[in-house]
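Letters are used for the chains, namely A, B, C, D and E, taken in the order the chains are written, and counting of residues starts over at 1 for each.
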Amino acid sequence: MVKVGVFLCHCGRNISEVVDVPRVAEAVRHLPGVTYVDENKYMCSEPGQAAIRQAITEHGLTRVVVASCSPRMHEITFRRAAAQAGLNPYLVEMANLREHCSWVHADDHEAATLKAIELVKKAVARISYNEPLTPQPIPMTRRALVIGGGIAGIQAALDIAAAGHQVTLVERESTIGGRMAQLDKTFPTLDCSSCILTPKMVEVAQNPNIELLTYSEVESVSGFVGSFEVQIRKRATLVDHVKCTGCGICWEKCPEKVPSEFDLARGKRSSIYIPFPQAVPVKPVVDQVHCRYIKYQEFEASGAEGKKPPQCRICEKLCPPQALAWDQEDEAVTEKFGAIVVATGYDPFDPTVYGEFGYGQYPDVITGLELERLLSASGPTEGHVLRPSDGTPPKTVVFLSCIGSRDEERGKAYCSQICCMYMAKHAIVLKEHDPEVQSYIFYIDNRAVGKGYEEFSRRAQEDAGAVYLRGRVAKVFPQDGKLVVMGEDSLIGRQVEIAADMVVLAAAVVPSRGADEVARMLNISYDSDHFLVEAHPKLRPVETHTDGVFLAGACVSPCDVPQSVSRGSAAAAKTLALLSKETLVGEPTTAVVDALRCSGCQLCLEVCPFNAISTQVVAGRTVASVNEGLCKGCGLCSAVCRPAAIGVKGSTHKQLLAEVASLWT
Amino acid sequence: MVEEVRDKARELLSAGTVECVIGYERATDGITARPLFAYSPEEADRFILDRTCVHNLARYLLDRKGKPTAVVVKPCDSRTINLLVHENQIERDKVFAIGVTCPGVVEAHWGETTEGLQSRCGSCPLEVPVVYDHLITVPGERQPRTGFPELEKLEAMSPQERLEFWQQQFQRCIRCYACRQVCPGCYCPICFVDQLDPMWVGIKIAPPENQVWHLIRAFHLAGRCIECGECQRVCPVNIPLMLLNQKLTAEVEGMFDFRPGLDAETLPPFATFRKEELEAER
Amino acid sequence: MQSVIPTSGFRVEVERESGEVISRCYQCGKCTAGCPAAFAMDGGPRWLLRAVQLGMRSEALDSTTIWMCLFCSACHARCPAGIDIPRVLETVRHISLKERRPPASKEVALFHRIFLGQVAGLGRVHELGLGGTYNLRSGHPLANIGLVPRMLARRKLPLLPYRKKVRWFKRLLSEEKKSGD
Amino acid sequence: MTKQVAYFPGCALEGSAREYDVSTRRVFAALGVELLEVPDWVCCGASSTHGRGQEVALALPAHALRAASQMGLPLMSPCAMCYSRFKLASLELAHPEARARTEAALGQDIGELPSVLHPLQVLDEIAPQATVPLDIKVASYYGCLLVRPPAAGFDDQENPTIMDRIVAGWGAQPVSWAFKTECCGAGMALARPDMVARLSRRVLEQARQAGAEVVVVACPMCQANLDLYTGEKDTPVLYITQLIGLALGLSPRELMLGRHLINPLPLLRAKGLVNHG
Amino acid sequence: MDMNGGPRIVGFLCNWCSYAGADMAGTSRMSYPPNIRIIRVPCSGRVDPLLVVKSFQQGADGVLVAGCHPGDCHYTEGNYYARRRFALLRPLLDFVGIEQERLRLEWVSASEGRKFSRAVASFQEELERLGPRGHRG
């Protein structure tokens, strides 16, 4: 038999000047189960709480109803008070006599009092069905996974490692560094990009807390915060990276040269290669599409007639430590992690949709990222900017902004944020490379929001003499060996034609290929542009709707290097807050299945937003089973369950039904 | 065509393809039909097939989970198979469906059958079963679609009139639950109405309780009722239960363009949603 | 320089008649940039859209921009907001005509008037007649005159027109004119 | 197979562009496509109905669409302007209210809207059967109305290829160039010859720089503007049907090649595309 | 009818938006008729049709289910399921003589105190118009 104590709060006069509290006390005193009733001017005050604690111990109360303000205000307060007196906090209920009664029925004291009585009755009826709940401790695997080895992922990994936790960094390419590694210089300080990035990359390789898995991809994720089971596929490099010393003979001597992805096909690489000199790890991989020996083997296997391709194997012959491992195969590893940071980064928008600019048609129309490679000392032209068409240095360079950005028709509606600044950077750097270069920048709105950015773009105009023209370009066409750019300067309202040697397109920033697949694996959502979605755009910009999964860098929205770094650190901070715990205490208000009632129709599996329900076989029958780690207690399953086999703790059928049944009786 | 049923049954049983063939045989009143569970080729001779074969035999598949079984299914009954496969109650490959085309069935009660077809046949969208492993074509003109005439009649009434209509119906209910026992969609181990903790429906057999039972029963079949009409057929006090089901069938089709049991893949209305929908119906 | 007092009435009027949402234009200028007729216009399409956005009614209605449009639709095809700009220009031209404002380009207005007159009167357009009438009425009797003999020499200009009155179209034209008042 | 279409020549093809009309009829006859001329057709209204309200703009095209609908055939006009008017009108007339108002204006029901075709779309479907090798560099000039506005166009707006595909199919060498869809000045020839001259010259200059020996067009206005408002020594401008006619072995007279101001015959002789005087 | 007059309303309010919205109505003293009894649920999608039917059996004249606006559900999609469920329950109730106006689904965010109090008031008027259940007068 439950012993319910009812505690009525006057809330100063907030409640008592409208509700006749003593009358309420009288009315509820004899309700079934009620063994103690008390009033207090301020239930939430320390004396008020003390009164509750005392009553629990002295009168052996097994249930507590506090009739005061909104539970959203003080539920925690009173639960804590009960817990201090040794009562399970989930045996406390509240009747909302203030927000839902005295404050909204001030004009009718009688009605308010009657309603107050019913609200307390309702709470009393409900509470006899409350059960003591204890939060399930979720064991925390104190290791983190970072997906993506760009600057954001690198920063996150380093910060987590610095706090003394194990972290695995998975990168799809054969080196970390990401987009930043492709850049020549960074705005607004014009630091050499690799000069500031390389040390961090090396640190990743050397930090004992960091396990670096390059040339690897996440294949599947199961489990939940505290214990994610992640399967990672390490693609075969055909090189034994333990033996390999990275001496470089193989990639120097390899005869099969192919366009370099890293140089965006503006340069060449070998078929056994590292993408760029500062790559980390400095260990080559064999490009299995182009390698001559692989081709030879395929030819042999196919049993085709005709002339055999050369065996080659020069790399193997020359490799001092004999590190070539032709029979190496992909390897799938499964590891457990407590938290996951997603830093999948971005790709440049493909400008070929704009026929009017002739990208891909006229060799001297290139993208901003391609220009970075031409400017880079380690790039295909060793830092000498030359026209792809004839190898001459361009003197007149025209920049086109918003290629794919701010275009709902053929591109993306959003602003890509970094273009305005890197166009300014390019203008400045080009001038440094060759004082004769004249840059023209077609912009729509020069967006220089950021520390030192406005000053920087002034510098492009004042020092580097870049001419800014406000307007979008309509067409680029070749004439007399030049590229004629047709635009408008909307400030003067006249058409502008410039005969350029080179045209640079500021291609929009789009989420990197495969980011949406990663999102699906992690059960996090992505928007119509496939950027990953934060738990709250303002107050939870790093978290996602899946506990323990955090976002960093440009996978959320376009952002520049400093933003990527801070997003990386922010994600690390969130991760560390989790890893600092031995166990997590989740809310105990999760769903539970009554296997005897479950019909196994599996409708609940369909409606659960958190994939928290799976099936198990109980006594030969396949029935639903809830993963408490994933369950958020929304109760969607409960509402669709015909035999009422799934209930939500703290919002059970019995509790709700008792509330309904208590009304107007 | 009766022979065709018998031949198929013999073949399946003697080949051991299935352990049991569920079909119809003549009832002892010599007029109506009753289910026959044939386990040996010999029994196959007793199968019949005519317009008195009203029962939805597919419902019995629920009692033979995992056991290879053949069953004679009319178009309406065949939807049961899709429903139960979708709801993970039976495995398709354990079922051999002997589909029969259907010109409609008559009202059949012990010792008597009507000339005219059952009213629900008028709203039946099908002539050929939606699933079958072997198809038998039954000759005979199919009566023209009548839609849901009784339904429209009731919808034309005022809420007050409807209330009275249903109160009269519900107060006759003796809560024998025959409607549930015969329903292919009612297979919960413990039906909510039988649950005592919490007690959803009062034990008292009175209109208010009866109404809760019938409303929730109907709602539990929303987007699931395959319109076999068995509930109404077996009701000992002749409550027109199909009206409730037909109402929801019509609403579901109108709102979600969905009719249950036509395939085993499409998600039923309560298993999914579209972000842009229904703001008017709220 | 006269100051502008921004108002929305005109924009709404044009949006209603054209069915185009002009507030979607954020003045990127790609339309004017690629407009083949811009050199012959006072403001150009971007300017015209801006004028509509700001409610500069008379400037818009009296601009040459609405008359010089060649309806090549290059602007429409490239507009990042998907605005059918020629339709907007056409709409403004229509309003201007309905209000009987002196067209900013007499030549173009005259040409179209004669053209439609021929359609109504002959059913088809007779180029020689069209050119002749135009030259007489436009006050440039010698415009294109150099071409005529060369074209005649190559029998490019049949002397006699096809004749078949199109009464319903005549009626339609006059009704449409009246609708202006 | 004989295919039938409702044929709408348009005013220009009765006058300055008769060679387009004639060459079209001859070529399609040779290719087994029967052109049934729309009876008593009326001008499409061209660009002159712009700014005269929807009724006026729709009425004239609707008249032609109705005629074709009565013939139960797709409506084909070689004139890019007519084609564009018809296509756009048929799209607008899909809206009931627009249709109702237009039918009221016409005083007749339009009937089921026919599909609207341009000869290029038909030629693209037909396998070339060249008898004379067209060893000649061609700049395909599309102008505006075949690709724009987006709703009416039937190929890429910035770099269409259908005509290049066709001429290549008939053995000529299409050059790639940037002014395929730049405007020639359209209907401004009388009112603003200066504009037409400026735009047309630029187009021809681009074609020349791209290495074209002839420019092919599929629109009487384009042809007239490029041909009349440039210099007689400029690159000749032929109709696509004239070029295909040559490949089919038709004579200059049959194709009325003598009517162009920029005389193509010297070049064509030099190229061996026309043997006799 | 309730002892202090007026139709009886049971309100199932989701904890995250609508219950907070009702609190907001209180905090900003936006009064509304006193005959509503609010039951707090985690999500509008938690509301089982049984609870609605039981409420009517219990003598409620109207049932209000309130949740977060579409797209704002704390559990991302609960309210979409609720919307479908009650869109079907309403015609069924109507069919057996419980006018569908008696079951309302409202979207009320945590900041929409005014919307909540107005919703209750207008629901009350609607129910008064309909009269007591079963016997309209």
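Heads up, the rule we're going with is that a contact is a pair of C-beta atoms (placed from the backbone, for glycine too) under 8 Å apart; a residue touches a chain by one contact, two chains touch by 3 or more.
Since the structure is predicted, the reported quantities are computational estimates derived from the model, not experimental observations.
Touch-path distance (fewest steps) from chain B to chain D is 2.
Between chain C and chain E, the least number of touch steps comes to 2. Shared contact partners of chain A and chain C comprise D. With respect to chain B, maximal separation of chain centres occurs for C (centres as means of Cα atoms). When every pair of chains is scored by its C-beta contact pairs, the maximum goes to C-D.
The distance from the centre of chain B to the centre of chain E, with each centre set as the mean of the Cα atoms, comes to 35 Å. Centre-to-centre separation between chain A and chain D, using Cα means, comes to 54 Å. Separation between the centroids of chain D and chain E, computed from CA atoms only, is 66 Å. Centres computed as Cα averages put chain C at a distance of 23 Å from chain D.
Shared interface positions of chain E, defined as residues touching 2 or more other chains, are 49-50, 54, 77, 81, 85. Of all residues in chain B, those that touch two or more other chains are 192, 200, 270.
Shared interface positions of chain C, defined as residues touching 2 or more other chains, are 39, 74, 78. By the definition given earlier, chain contacts exist for A-B, A-C, A-D, A-E, B-E, C-D. The residues of chain D lying in touch with chain A in their complex are 156-159, 176, 178-179, 206, 209.
Put simply, chain A touches chain C in their complex at residues 356, 402, 406-411, 444, 470-475, 486-490, 493, 495-496.
Contact residues of chain B toward chain A in the complex are 87-89, 187-192, 195, 197-198, 200, 220, 267-268, 270-272. Contacts from chain E toward chain A in the complex involve residues 2-4, 8, 10, 15, 19-20, 22-23, 25-27, 29-32, 34-35, 37-43, 45-51, 54-55, 58-60, 74-78, 81-82, 85, 117.
Across the complex, chain B is touched by residues 596-603, 606-607, 622, 640, 642-644, 653-654, 657-658 of chain A.
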